[in-house]
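Notes follow the structure.
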Amino acid sequence: MSTEEAPLLSVKDLQTHFFTDEGLVRAVDGVTFDIHRGKTLGVVGESGCGKSVTARSLMRIIDRPGKIVGGSIMLRKPRNDGSNQIDEIEIGELTDDGREIRSIRGESIGLVFQEPMTSFSPVHTIGNQIIEAIQLHRPLDDRAARNRATELLTMVGVSRPEERLDELPFQMSGGLRQRAMIAMALACEPDLLIADEPTTALDVTTQSQILELLQDLQEENGMAVMLITHNLGVIAEMADDVVVMYLGQVAEKGTVDEIFYAPKHPYTKALLQSIPNIYQPSRVELPTISGSIPHPYNRPAGCPFHPRCPEFMPGTCDVHVPETLVSPTGQHVRCFLYTEGAVRIDREEATAGKDASQ
Amino acid sequence: MADQEYKPSHSPDPTEPADPDAARPPATPGTGADRTSDAVETVYDASTGAAAEDRVAVASQFQLMWWRFRRHRLAMFGGIVILLFYSVVVFADFLAYASPQASEAERSLMPPQRVYLFDDGSFSPHVFGLDSRRNPQTFQREYFANPDDKIELSFFAEGFEYNLFGFIPTNRHLIGTKDREIGESVFLLGTDVQGRDMWSRLMYATRISLTIGLVAVIVSIALGVVMGGLSGFYGGWVDMVVQRMMELLYSIPTIPLWMGLAAAVPDHWSILRIYFAITVIIALIGWTELARVVRGRLLALREEDFVMAANLAGASQFRVIFVHLVPLVLSHIIAAVSLALPAMIVAETSLSFLGLGLRPPAVSWGVLLQGAQNIQAVALTPWLLLPAIPVIVVILAFSFLGDGLRDAADPYGM
Amino acid sequence: MSANQQITTPPGDTRVIGDTILEVNSLKKFFPIKKGFLRREVGQVRAVDDVTFRVRSGETLSLVGESGCGKTTTSRCILRAMKPSSGEMLFHQKDGRVIDLAKANRSQLRPVRREMQMIFQDPFSSLNPRMTLLDIIGEPLLVNGIGNRREREDRAAELLKLVGLRPEFLSRFPHAFSGGQRQRVGIARALALNPRLIVADEPVSALDVSVQAQILNLLMRLQNEFGLTYLFVAHDLSVVKHISDRVAVMYVGQLVEFAETDALFHHPKHPYTSSLMAAIPAPDPRKRGIRARLKGEVANPAAPPSGCYFHPRCPHAKDICKQESPIFEEVEPGHFVRCHRARELKLTGVPELDNSGAVSASDS
Amino acid sequence: MLGYIIRRALFSLVTIFLVSILSFAIIQLPPGDYVDSYIAQLQASGTPVSTSEAENLRARYGLDEPFAVQYGLWMRQVLRGNLGTSMQWQRPVREVIGDRLALTMVVSVAALVFTWMIALPIGIFSAVRQYSVADYIATTIGFMGLAVPNFLFALVVMYIGWSVFGLNVGGLFSAEYELQGWSFGKFLNLLSHLPVPAIVLGTAATAQGIRVLRNNLLDELRKPYVVTARAKGLSETRLILKYPVRVALNPLASTIGYMLPFIVSGSVIVSIVLSLPTVGPVLLTSLQSQDMFLAGAIVLLLGVMTIIGTFLSDMLLLLIDPRIRMED
């Protein structure tokens, strides 16, 4: 993470909780990360780790009974008037459905969803929905907006864009719908695109098409991408920086190389080892992470990963909450194994590089 | 079995949560069931709440439903009210203090009496006797309480003979009058035109109205479950035919049809025969809703993997239907019944009110309300509208109960 | 298809790959398309269109392909959860008798079902929420009249231990368990009758990544222990690569390639297989790079293209591919391909690792 | 789409056919037949009828034929627009119920309009503000509306009208217009009388409408496309009206289909209490006096009307839901 420029978006100690009848769910519990212009931040984690809630918190579209209860989300938005001024906007402090936050949604931050099937309204045409996204932030008349929508569909590689505009979502295939979804998210050339599991519902071949499209688009207009997925392959392919989440907390954070070649957190290490890899020989016993993800209502005390952790230290991990440690290279890890200081991190790093490629 | 890969693409699975990360309510009330540890790989026992957790783990679906239902206050309240009403059904003779048919022109249209609980500071429930005189202008009888004529009330007093539970002969009633002719001088809710005691009649009417609903519901369950079951389980043309039948019955205004059928019930039939005829008429048209519920559930359940697993294990059709499917539909049937019952009760009440359902001397809520048809008269004798209150209360209670049951029927909160 | 092709089991593997257990010959399953107000049949979805392969006892054979390619339909036909339109499915029973599943009726299928069980994708929908684990795992025993109540209980407890759950759980209901644990219960149920063939339909795709490996290990351990044969239906190629001995690739209802896992992944002979391999994102940031992505979309099985179904998307298509359907033929021992140009094309697959563990130079 | 319309229309025709059989069965059900009642009536008015005359009458009406033949004869008449003669009124059935049928429709449609005017905003509001105080109030009112049977509600309204305001709230016209022919004044008078029956009749349906809309909307509000729309920067009000409400309206359009029979049913019984000049009271008296041709005709016509209404609501659904429109 060596970008000179101030990050586009800085999230500090974000906390989003759900106040349900059954109890309090700390879906996001103190998450900190930066997103830089032109870079892709990968967020990995399994179900219930809070990655989607984090993304929605950035746009302030958390549904009840969820609520952002702490932390800051700072967006640095370049002014539109041609000057090089940058406005600093604290998203966490904006009113819920106010004008400011609405001008950020869709304009500064675009969102692409997992479910291309249900992410479009089933009874409005694709065109209607894309044109709306354009006209909300751009003073274009219907004709001009329609032209822009056609342009967008062409850009994301949809054939016969003019006709597609008048089609309904159910008439399109999953891959096409996901392209249309991306076109809509890009309607106003956002500074940040949040892609929440954009390829999970798609086949591998379609997945690779969509990932390639995202890469191309990013190259063209230099936007930042926040890519949320549970697929480590997608992360390896796409991300510059990676945030690994477990039960609402950032377990580890670093460059993609650091995460894959010098993972620090036992969770990251275990996760990397336990997924079947096409480069590995077949039918060998995979190292596993024991147990399963705890229910969000029953978060373990101390480090949330301790019941499954191979390096569990009784009396420490199950009692105290680990602090986030930063290595000289900027890699963050939240684990008691490294409390003696950065020295141990460096020692680990020397050997870890070999481990990952075996 | 339908091919999974060719489902129409515009019907997304409604059970799929929109956001995998969003906080899901736990599958079970209160405690998170998923916490149960994975035995071999790790020992993950939280020190607290282990007992409660085990309780949840071995709780059957009915227990889970009951736990969930219990939290639904209105539904619990509705349930208690319903129980009270059905205890009136059982103890109608005991609660009444006068024969429902005992009429006396002299006591026509008496207003409800005020009950005094204390006399000179000591507990001694009593009412005052009423003197009547005819208003020379309106020819209406007018009644005046006579403070000198104190009629003492007593509990578990002797009254007319009846059989408790249908076979225990007794003459005890909840209340009665001391040293007076029974049912002569107490009219807690006033009297009707023929001078019959409204309170006692209301007790008997409750018995009839609530049982007619129950019997009609039983008949419709039988019809609904069989038809819905056939339709939902076999699908295909059977489903087609049953569906069309249901649509047909749905698209016809039922009350005119009920009225037509009810009008055909001969006058000279006995009360019992009319009672059953009306029940059957109501049930014949009311089964569609139940069938719809059963069919919908079965259609959904039939696609569940555990049904296929049972088939693949070699289970018979019979076993699949009765061991796997029916118990899962049962809770929905119970919920649907509690929602169907009030409709049945309203149907009976409406028909009887119009004079097409039960006819005097049978007593039901609808029959009682016939006395309130002339609204100008009711303005002078408003107590004749009193039977409307139990109708409304019972229906509300059933609606609350049914709503709670329906919510509880699916512990996974569909 | 030569039946004697030897499969080399990986080191440490104690399995013996034996004779054919299931022969699928020209299996077809068409679904009618009905339109208009008379609901006339106007066409057919050719979900499974002339599929032929053999499964050997003790092996793991995977069916892969994109959604809608017919892999699930194929597996459902084999289990006779649906009736195929035509074709043969010869199942070799334990006692040596051979039965054609395609033509068998309910009562003929009953004894065969004991030898052929299924593991489901969705661990939630596959367990009846009203039954305890004992009822669920014991059901196959009960309906087949095996053992008395006590014996069934013992057997169920034993099965639970086998899949890594505590026998005390027998009295619990499914809602008390997580997805991974439920999947174990489903596996225990499938094992109850000592089946020989298990059809596993995406058994790990609904599970969390960290739990997937547990289940895959369990499946492999059970296979070693009991000599089970797996027909594994999956779309995740990394998982398929990890667990399979042989892989069959389906495209629009047809088999396009069938080979041993390593041969198929490292030396694919069908352009579609090669494209699939290229599309897998590798979990290694140092092996990035845009590969030849497959263009276009899967053909519509109700109106497949002329000639080779893959030709509109194929980077190597020639005129002949548009006109003639290629036949499914054995181009190398044990390696079957449906492609006109299978013998001439040099296609890239997943790079092989050399001894030092580094990726060989053939990869970019 | 055309296929769908034709299928739907055919189904409606079949339904009408079945309703006609049911209606005819109602005519046939009471013990004795039309001639018995007719003779009884004539004799009551002092005209003795001999057995042979009765037989002649029977033959003329085909009453000695089997059910199917009699039904055929009746249908032939009905299709020619001849619904038979009312014994009680001694006039053709058509004349007896002509105006009343139209007024039945007016009252039903007024109730339907009232239902949606109230149910739409309340349903949307209580879904969007789920679990707010207003939602609880709306839900409770909804339950009350469902719980109070129509005729009881009518009684209570009448009672309050009479005892508190001293008004007779029944009827559709003031006394001076009752027997007059149609005029603009009469029309205005009708309008001023409509609200009470519309409210009484529409309340139960409104309660149901609120519940259906609220549930549909709650389902829709959870769908990802709502989040998508929000993420575009759409304001909450516009978003809810454009997307989830629009989608939730589809099942509502079909709700009209089954609400109509419900309302027509209710109108029959409410009309009796409120003494509205609709077919309700006539149906009741005709049933009581066994004037079976009249009763049968009313049941048949009400059935046909609702079936046509249901068909129209299906067509409305077709119009607003592109997904159905696009099929086959």
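Every chain is named by a letter (A, B, C and D) in the order it is written, and numbering of its residues begins at 1.
Going forward, a contact is a pair of C-beta atoms (placed from the backbone, for glycine too) under 8 Å apart; a residue touches a chain by one contact, two chains touch by 3 or more.
This structure is a prediction, so every number in the text was calculated from the model and none was measured.
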Key: Distance-to-centre winner among chains (Cα means, whole assembly as reference)   = B
Note = If chain centres are mean C-alpha positions, then the most distant from chain C is chain D
Request  = Between chain A and chain B, tell me the centre distance in angstrom, where each centre is the average of that chain's C-alpha atoms.
outcome  = 53
Ask   = Whole-Å distance, chain B centre to chain D centre, using C-alpha means?
value = 26
Remark   = CA centroids of chain C and chain D: separation to the nearest Å works out as 57
Query = By residue number and range, which residues of chain C touch two or more other chains?
reply = 67, 178, 180-181, 214
Where chain A touches two or more other chains, by residue = 47, 56, 63, 114-115, 118, 122, 170, 288, 290, 292, 295, 308
Residue list for chain D, restricted to those that touch at least two other chains = 222-224, 227, 323
Task = Under the touch definition given earlier, write down the residues of chain D that touch chain B in their complex.
result = 11, 14-15, 18-19, 22-23, 26, 29-31, 143-144, 146-152, 155-156, 158-159, 162-163, 168, 170, 219, 222-224, 227, 257-258, 261-262, 264-266, 268-269, 272-273, 283-284, 287-288, 290, 295-296, 298-299, 302-303, 306-307, 310, 323
Note = Listed in rising order, the residues of chain A that touch chain D in the complex are 56, 59, 61, 63, 97, 102-107, 109-111, 113-115, 118-124, 129, 132-133, 136-137, 168, 170-171, 181, 184-185, 187
Remark   = Note: in the complex, chain B contacts chain D through residues 10, 14, 18-19, 244, 247-248, 250-257, 259-261, 263-264, 266, 342, 346, 349-350, 353-356, 369, 372-373, 375-376, 378-379, 382, 385, 388, 391-392, 395-396, 399-400
Query = Which residues of chain C touch chain B in their complex?
reply = 29, 31, 45, 47, 67-68, 70, 72-73, 76, 79, 81-82, 110, 113-114, 116-118, 120-122, 125-130, 132, 136, 139-140, 143-144, 164-166, 169, 171-173, 175-178, 180-181, 186, 189, 192-193, 214
Remark   = In the complex, chain C touches chain A at residues 9-10, 12-13, 66-67, 178-181, 208-214, 216-217, 220, 235, 237-239, 241-244, 261-262, 265, 275-288, 290-291, 293-295, 297-298, 350-351, 353, 357-359
